[in-house]
């Protein structure tokens, strides 16, 4: 219904202070492990690591591709569901630990993108490595579709800027 | 491998074995406290109590009113968002504890319903009491609307059967 | 076991850039509503509001009282479980919405503290108001205990600085 | 501190009606997708699939190995953290969908166990396949340790009974 005006920062949902797309490469999200993220063993509950990775991916769409998932769904009638995940758990952070998750694009297909998200603290200690494959689809059919050109261009530029081309 | 056909309303999403509405009064939901529901203090993380209450309320709609929230939203273009909650925490269950949450309707207004949900274990130990007020609205305006007659009739009957009329 | 050295910033868990206690009054936490915080109605899933409030309270302990909940539990052998919550839901934020939660101390008892947490966006739109009562206890007995003097002094100063004395 | 009496059903945490270990092979857990498990796209939020798998694994420990994770941690001073996960997402269930997750043991090492958890509905539709590697450790050192003999015996028997030996 709404006319798509191309990738742009969601006015209400900017992470960068001036509302521009993020230019830091690789893109990084910082999360503090919360009391409620941890279990009675005193460390992060395993599935919360995938939450951390997904939240970083969600912010990357918004801050680097310039499209919030809500707009991708409701305005562009698309989606990019996860079709495969691999997680290596190196160490388990405890409450109050700040974890920085860096995102790189490992592979760009016709409709799928392979991301690598690595979680690390300020001392360079590795917590996890998540490899995640997402596939662009159209709604409501949920059929795989080619990644729209504006997004493809931004992803190719991102890979270049990360030195991953 | 499997062809993804996207989300669809499951007509067979019934909780009672024969697909009929539940007749136990008051309606009760049983939940086992999971490892991931608990925090490093070894007890349920506070907000999970509200999750337990909401999940019992969701099942009550499905099993007693005969309407899943998905259908309420997508077919009836309505909703019943929570407008107020009060929780008293008497004791905090630990992992593996089975908690039975009983639901009663305390008040039935034109568009709002006040529920009381009490969590207890098999030995009669009280864990929590949640009072929750929900208000029927129409979508997409989100304006308050009168509770549809079929639901009102079922709620009145429910109150009677619970001895709460 | 460990000797308590009084309230201090957790070295690994400082929120203020220079590791000092936060001096902004009232203390505010900013959270972006995530895709995974929302339900199929497209708005925040009700219990996540209590998660938002608890996360702000957790950060307040760390940044204003100078004690992370992990230290409160493991070093001081104490806790401050929630005994009562009231939530008024004024409006439901959608994905990507930034919500600022401000914390004020409404009442300070011998062992209990009553907090008010209000969630609002940058345009002054109100989302929720949470009143939460927590009670200091000693572990492992879980008996109510007087709030330690250093914390009481910090809370009284906080109330004064907020104009709530 | 507490003397270990060998694997036994947690008296407060039995899933089988008569408190005996479960004998169904393969072991299956049934979960109903909740409103709060789903996101604004109307389908399960990706990380919740790992929650579903972990909850089935947690119940398997309790019902098949006879040891709840709380006892494994607090009485046996052990743990079995996840070191690697692979998830294939075939289809995404919507609210109210019942998903049955079957657990098989694919590999049994000296201290690690490889599980396969497959999620399917009553019509045989596949939702996900999770391969999860957990490693037994001693606490508080978190060093890998040999799987205790009573558990090893139960796991070997389980594999046999599943036809996986």
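Going by the order they are written in, the chains are A, B, C and D; count residues from 1 in each one.
To be clear about the criterion, contacts are C-beta pairs under 8 Å (C-beta built on N, C-alpha and C of every residue); 3 or more make two chains touch, one makes a residue touch a chain.
Please read all numbers here as calculations on a predicted model, not as lab measurements.
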Using the stated contact rule, I'd like to know whether C-D or B-C comes out ahead in C-beta pair count.
B-C
Which chain's centre, taken as the mean of its Cα atoms, is farthest from the centre of chain A?
B
In whole angstrom, the CA-centroid distance of chain B from chain C equals 27
Using the average of all C-alpha atoms in each chain as its centre, how far is it in Å between chain A and chain B?
33
Starting from the mean Cα coordinates of chain C and chain D, work out the distance between those two points in Å.
34
Shared-interface residues of chain A (touching two or more other chains) are 35-36, 40-42, 45, 47, 51, 54, 69-70, 81, 94-95, 139
Within the complex, chain D is touched by chain B residues 1-2, 4-10, 12-13, 15, 32, 34-36, 42, 51, 54-55, 58-59, 62, 68-70, 94-98
Taking the touch rule as given, give the residues of chain C at its contact with chain D in the complex, in rising order.
35-36, 38-42, 45, 47, 94-95
Help me check something: in the complex, which residues belonging to chain C touch chain B?
40-41, 43, 45-48, 50-51, 54, 69-70, 73, 79, 81-89, 92, 139
